[in-house]
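One structure below.
The letters A, B and C name the chains in turn, as written, and every chain counts its residues from 1.
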Amino acid sequence: MRSARAGQIVVALAAAAVLAFAVLGDDEYTQHLLMWTALNAVLAVGLRFMLLVGETNIGTGAFYGMGAYMGAICTTKWGLPFPLALLAGGLLAIVVSTGFGLVTLRTKGPYFMLISFAFTEVVRLIYTRVEWLGGNSGIIGIFPPQALDPWMSVLTFLLCGGLILMMYLCEQSNLGRVFRAIQNNDAVVETVGIDVVQIKLVCLVIASFSVGIAGSLHAHIYNVISPGDFSYLVPVFALAYIKIGGDANVMGAVIGAAILTVLAQMLQGMGSLEHVLFGGAIVASMLVLPDGLLGGGRRLLRLFSRGRA
Amino acid sequence: MTAPLLVAQAISRRFGGILAVNDFSFEIQPGEVMGLIGPNGAGKSTTFNVISGFYKPTTGKLTFLGEDITGLSAAAISRRGLVRTFQHGSLLREMTVHDNILIGALRAVRDNSGREMRVRETAALLGLGGLLHATAGSLPHGLQRMLSIAIAFAARPKLLCLDEPLTGLNSTEAVAALEVIGRIRDEYETTILLVDHNMRVVMRICDRIAVLNYGQKLAEGTPEEIRNNPDVIRAYLGDGE
Amino acid sequence: MGLIAQLLVNMLQIGAVYVLFALGLTLVFGVMKVINFAHGQFFTLAALMIAVTMPEFTERFGFPAWVDYFVCFALALLTVAILGVVLYFVGFERYLRDLIGSFILSVGLLLLLEGVYLWIFTGAPRVVPKLLTGQVSILGGALETQRLVICGIALAATFGLYQLVNRTKLGRALRAVAEDREAAMLQGIRYRRISFYGFMIGSGMAAIAGGLIAPLTAISPSLGNDYLSKAFIIIIIGGLGSIPGAILGGFLIAAVESFAGYFLDSSYATIAMFMLVMVFLLVRPQGILGHAER
């Protein structure tokens, strides 16, 4: 049954991709919009992955940034092949998140939230101070191989879909059950012999790996990165995607990412209004639709069917 | 006589200036049901937390199955076969009964079909057989209590520590629970350490009882001896019951 | 000698502002179990209000600058209080004791308010005219008089708030709720009312900090964001919800920043502080003065 549902998701994603390309055509702007959506979806699902164990990991922004910087260095400074640059982003995120998790995961709840926030901001500060990383202006000219150009959006879709699928399958497995058990009551999990900190570390590392690879992709899609791209706002926006879409399952995060990415593009260049509308959307959804669009839709359906019955 | 399962040697636990448990020594023999009683604030819960690894003892030594477990983490102690429940029933409220018990069996059983069997067997034993797909938080109180025992027992511990398993149960439920505890001991050869307020219950089911008062051991012995111990009567049975 | 005195006054003045900011944040957390990411927006609003209204006042009435400053300060506090009441009753009241829900809400407010400020006040940095001119010499070092005065006010405000929390009936209620909500409610403390007071006092502290920083720095709508990350580090060091912890942490980070920051870039001070936090965590996951979660 479980694999059947995973199959459904793959089919749904593939169908969505085909549909998106078919309907929206293949002009460059649309393709970029789709790629940004895919990246944001990985961020949202990655952030949600750690919410499964009950922790808000604002460090997601730092790991995304590390992936991006690592990918950029591999391509522009070391001249490594593109697949290696992608992998290196993920690997760096694994290494750093392991160290970060070993020190910080003994804390939980508000402490972990604040520490991961400070981590993201400090890592960003470090980029601005290191000349080799381009300081405040960052790194430019990060291009994937030219031969890949026509395939970049498909590749991004497949890769991001794969990462999301990986996290989805983890969530559906016994590991995912342990995640949710920790969120419910970590003391109970501890009493049956499961090392809670170790499991949280596994969770952090898987999420960071996914986000790290997405970061490296980000660098190659945007071609330019700078420290300001990887502030605490990255996970904050990801959280907004989850909230808008609904946090009950992976699809909510993906749908939320799609809606807000398109919205953000429409607002781009509107200056302060962009902040107002984005912030306003988050606040409004918290006040009006606490379960997100999917949850709200489900509630509406239930009301409707009750009315008919 | 066989070697004791758990030996606590002069364990103490201090919180700031308060000595919650003071120089407490006891042994648990394999196959017995040992009771731990005492007035509120006597240090029963702290003792539980110390032996299960949730608190480190300030001083003293714990030996389980001949191995020094002092200072090990709760998870590590649990993996060695000492599993506890919590006073206020400890559940994974938003998960199904099935998944609750499965979490208990996860470390103890290695293959999925074995786990499923373990879940079904444990659920049936604790009267939860027909409720595998119910959400834990929606169960009535008595069944929630049974489920918290089921989670712990799904790991098939050698020593099962029950922290007030009968609190809040009505008399029918309490009788059923006692019967289950008896089966866990007899059919699965599980040693049990039990804390409870209800003296009658403790007297009925326990082979041996230790009495704590102000963090110190007041008496230890068979229910008969405890019942007739003048110190115990003065400190504990005198008021209330 | 002169340099040391200068750095010391500098440290006290920056420290007192950090302490006020962080105290508010930690008080709100203690009472509501909410980390208010929009806390900096109160701080920014107060500073912006002073920066906008003070030149108007000076032009119209021609009082001495320090009179204008205090009048505008009062006006700024009033504005912040109104904003606080609105945010509390429209939003935060629904997310009391909900860490993740309140996080999302407050982050939404952070973006929304920053956008609104940008819209109303524009992004151009503003400067508040000097309150007092002239210099004082202490221990052989020349210090700006206004810096000294502001430092004095900030320390007095910190002390006053400390007294409020420690000595008054309201303060006792706030601490009781922060420590154990249920026990406090059993003693007849009305949680919802106390949490509202806690939120207003906490937000007021941020506003006072913002008003005090106004004459000393260029003010832009994103001013509060730098203070927010520093306040987080302060609170992690001091222990969440701990008032003595916030005071100690605030002065510690100010000391590192003014002494290390004099010789190095101040962002290195922030990085150094974070490293310090990581070391603290290795040794004491609950902060220097915090209590272990049980």
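Here is the rule we go by: contacts are C-beta pairs under 8 Å (C-beta built on N, C-alpha and C of every residue); 3 or more make two chains touch, one makes a residue touch a chain.
Keep in mind the model is a prediction, meaning the values are calculated, not measured.
Undergrad: Graph of touching chains, which shape: line, ring, star, complete, other?
TA: Contact map by chain: line.
Undergrad: Which chain's mean C-alpha position is the greatest distance from chain A's?
TA: Result for max centroid distance from chain A is chain B.
Undergrad: Rounded to the nearest whole Å, what is the centre-to-centre distance of chain A and chain B, using the mean of the C-alpha atoms as each centre?
TA: Each chain's C-alpha centroid was found; their separation is 43 Å.
Undergrad: For chain B and chain C, let me know how many angstrom lie between their CA-based centres, rounded off.
TA: 48
Undergrad: Between chain A and chain C, what distance separates the C-alpha centroids? Give it in angstrom.
TA: About 32 Å, centre to centre.
Undergrad: Give me the residues of chain C that touch two or more other chains.
TA: Expected reply: no residues.
Undergrad: Multi-chain contacts only, two chains or more: what residues does chain B have there?
TA: If we look for residues of chain B contacting two or more partner chains, we find none.
Undergrad: Which stretch or stretches of chain B touch chain A in the complex?
TA: 52, 54, 73-76, 78-79, 83-86, 90-95, 99-100, 102-104, 106-108, 112, 148, 151-152, 154-155
Undergrad: Can you name the residues of chain A that touch chain C in the complex?
TA: Residues in contact with chain C: 51, 56, 103-104, 106-111, 113-115, 117-119, 121-122, 125-126, 128-129, 236, 239-240, 243, 271-283, 285-287, 290.
Undergrad: What does chain C use to touch chain A in their complex?
TA: For this pair, the touching residues of chain C are 29, 33, 35, 90-91, 94-95, 99-101, 103-105, 107-119, 123, 229, 232-233, 235-236, 240, 265, 267-268, 270-271, 274, 277-278, 281-282, 285-287, 293.
Undergrad: Can you list the chain A residues touching chain B in their complex?
TA: It comes out as residues 174, 177-178, 180-181, 184-185, 187-196.
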